[in-house]
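Paired with subunit B in one complex and with subunit C in the other, subunit A is shared by the two complexes that follow.
On to the complex of A and B.
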């Protein structure tokens, strides 16, 4: 299964009409319309109603629509599902995802085309990630919520993020093994773009496929890091060209610029070109 | 039966809608910066939602901050669901 190309996913509060109606113009590949933390307890009904009307009013474009719903142990879970399952959206993001909550959500979505993104934000969530992601074929990816994770671990969150190093690497490894996409946790200082950039590059280096944003100004930085560079594209094009030539000559392994090229490098080059195409930086 | 209820905010692009019991038809009060241009359009959205809920007797007080049709309808639906006994 080919994973969707989602570099940036921008959170917006679902009860704000000004944001709901302009979110798709802010440059992110996906929008996460938030019914959970961004909505006060006495406005959940209002937010659901606004989203429902908004999704019926505005034609869906290429921007991926995600709705984050409240966790299963909250009093809002069932009402969220009952209404959100009728929305014209791509994914439901399940807060505090567990094996049982994923199964409950998947059962409710069985007569829809909506898929699931698991929000992993606890020590148990990280440890059980493989089982949570495997709890239903509807689960296509996950988001790491490091703020709640740190709270659960009773550890201090820092901009350097050394405290979540192991969790991040374990998450990326698990997602790669299961062929699921993984969004890295948002960077919460919306004024520090230098450290944001460091944080995004770190996430990409670990194997995350994208990153959540909590401010529209973060989107361009995330998109830039998760878009293949010209250097990467040129090298990938060279590899693919050389691979075709080698295949014609009956060679399995060949040398390019003095370095051996085999199947993993060819596959990676193919992926770079596919992502560059999806990002619009190269043409067919 | 309808009890007093309210939905929405006074933020830009939003609308605050309050509903109250009323026994002589629909009494709709509109305060909007775009009232001169869009009064009829706004009233149509409001009346359509009231038709949807089959409500003939009600007082609706609308404080509009430039909300689009979908937001007007959503806020009224929320107020009605909160206020219908």
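On to the complex of A and C.
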């Protein structure tokens, strides 16, 4: 199954009419309309109602819609599901996802086309990631929530993020093995774009497929890093061209600029070109 | 409309030496209390003011007090702009002391008073360039120009960039000083010698020293800031892509932008592109902000051509940077001045209160039909620049900027090239080559103006037409002197 192309996923508080109305314009591949942490306890109902009205009024366009709901151990979980499952959206993001909460949500969504993104934000979540992601075929990907994870681990969060190195690598490895997309944790300093850039590049290097944003100004930085570069595209085009030629000549493995090219490199080149196409940096 | 009909070189000496007093300050300096004896004030006179003191102006209201005290009637005010601080004019308008106004921009209670129909002979709104033309062509004769002067020296020379009330430059006052029958400089700073003469002492008849010619807080903004609004930043990003895609952004590039948050964000985006691609522009012009100073000092432009400083950083720069030049309103934008700068502009970034399906722009009246601004340099720069770009949110406070027809035409659509909004970019169909180029080379959302209108209406519903009376309260004159539109009395 091909993974959706989501470089950036922007959090928007679901109780802000202006932001709900214009979020799709801000350049992110996906919007996460938040019913959880961004919404105070006395505004949970009104936020749901606002989203409902918003999704009914605004036609769905190319931006992927995600709604983050409250965790199963909160008093809002069932009410969230009851209303959100009727929305015209692509995914529900489940806060503090566990095997049991994923199963409960999947059962509730069985009569819809909505799929699930697991939010992993605890030590247990990281350790059990494989089982959580496998708890239902509706789960297509996950988001790493490093702030709550650090709280659970009782460790200090830093901009360098050395403290979450292992968790990040383990998450990326697991998701790759299960063919799930994985969003990296948001970078919380919304004024430091230099370190944001460092952080995004790290996430990409580990194997994350995208990154969550908590400020619209972060979106273009995330998109830029997760968009194939001109150099990558040119190399991929060379590989695909040479692969076609090799195929015509009946060669399985061939050499390009003195380096051996085989199926994994060809597949990766194909993916680079597909992503470049989806990002709009090349034409058909 | 012929944009540059009748171009000619102004020989400024034709206008000089309208008094016989020479330079000597001691022969010209008088007390404020003596002014009524020196000037023969009478009904029907024409007084002029510049607006470099903006909403901190402490000079015009002194003269309005005299008009009130002497109960002068049928006075014409020729003020380059009028701000809320000029509230005392309202009473004078209602009492028929002031019966005619010429201005490029009016906001606040005076604007509301005019829209309510109180100004007997109506308002004549023009552009900044037009004002220089009207004065230098002597279409109107000024009896007395009252020049708020941040610095006057012993030879009566004036400049705007020295002293506690420094506004940087006096570009809008130059024509007044050249053509007025009498020139009265009002200052709070007399020095031995000014460094940089803007108005020659020969043109000055009287100098009056007062405690304070203006409130520095109102004269310039402390700093001008780029917008932090994500949609504003998005619009700026799109605008920068349009400019880059137009092919104009190359060595020798010339640029003008206002002090609005989105406009400054466009400058910020351009700065990054110019640095990345090692592009050196020729000049940036107009009202100058700290952002343009930053670009000058980073070597991205060879020079700044400044008719008005918008912030403190610009005021400070004009003193320290030799390539930060002062210019008069005539050099800036007078269509009859062969040296006008706006005709050499590649790109100008402008705002709009309304823009219609024919690209006509209104920056004069608000959504209720009441005057709330004016052209300033809008129609001048739009006419002169190769690419005039309007940046605006499509929908703001549930009001669409795109209309089927604007309430008032400030700038004709023929001179507007692009509208950039958060919902996409509309390019004037006369630029089919640019449309094709941007379609091919960028992923910008290109839409027609009608498509943007439809999107806006789908969000706001079709607004009711503003009800205006048939009674005219003024005219809008285009920069070449032709009539562009009328202003109407607003019914309650």
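In this section, the second predicted complex is superposed on the first by the 284 of 284 C-alpha atoms of A that agree within 3 Å, B and C clash if a C-alpha of one lies under 4 Å from a C-alpha of the other, contacts with A are read in each partner's own complex, and residues count from 1 in each chain.
Here, contacts are C-beta pairs under 8 Å (C-beta built on N, C-alpha and C of every residue); 3 or more make two chains touch, one makes a residue touch a chain.
Just so we're clear, the structure is a prediction, and the values are computed from it rather than from any experiment.
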Original post:
Does subunit B (first) or subunit C (second) touch A:220, or do both, or does neither?
Top reply: second
**OP:** Return first, second, both or neither, reflecting whether A:45 touches subunit B, subunit C, both chains, or no partner chain.
**Re:** first
Subject >> Contacts of A:53 with subunit B and subunit C, given as first, second, both or neither >> reply: first
Original post:
Touch check for A:16: first (subunit B), second (subunit C), both, or neither?
Top reply: first
Subject >> Partner chain in contact with A:75 - subunit B first, subunit C second, else both or neither >> reply: neither
Subject >> Shared contact residues on subunit A - subunit B and subunit C >> reply: 21
**OP:** Would you pull the subunit C residues touching subunit A in the complex into a rising list?
**Re:** 230-231, 233-234, 237, 422-423, 443, 459
Subject >> Residues of subunit B defined as touching subunit A within the complex >> reply: 7-8, 11-14, 67-71, 73-75, 77-78, 81-82
Original post:
Touching subunit C in the complex: which residues of subunit A?
Top reply: 21-22, 25-27, 215-217, 220, 280-281
Original post:
How about subunit A: which of its residues touch subunit B in the complex?
Top reply: 16-18, 21, 45-46, 49-50, 52-54, 56-58
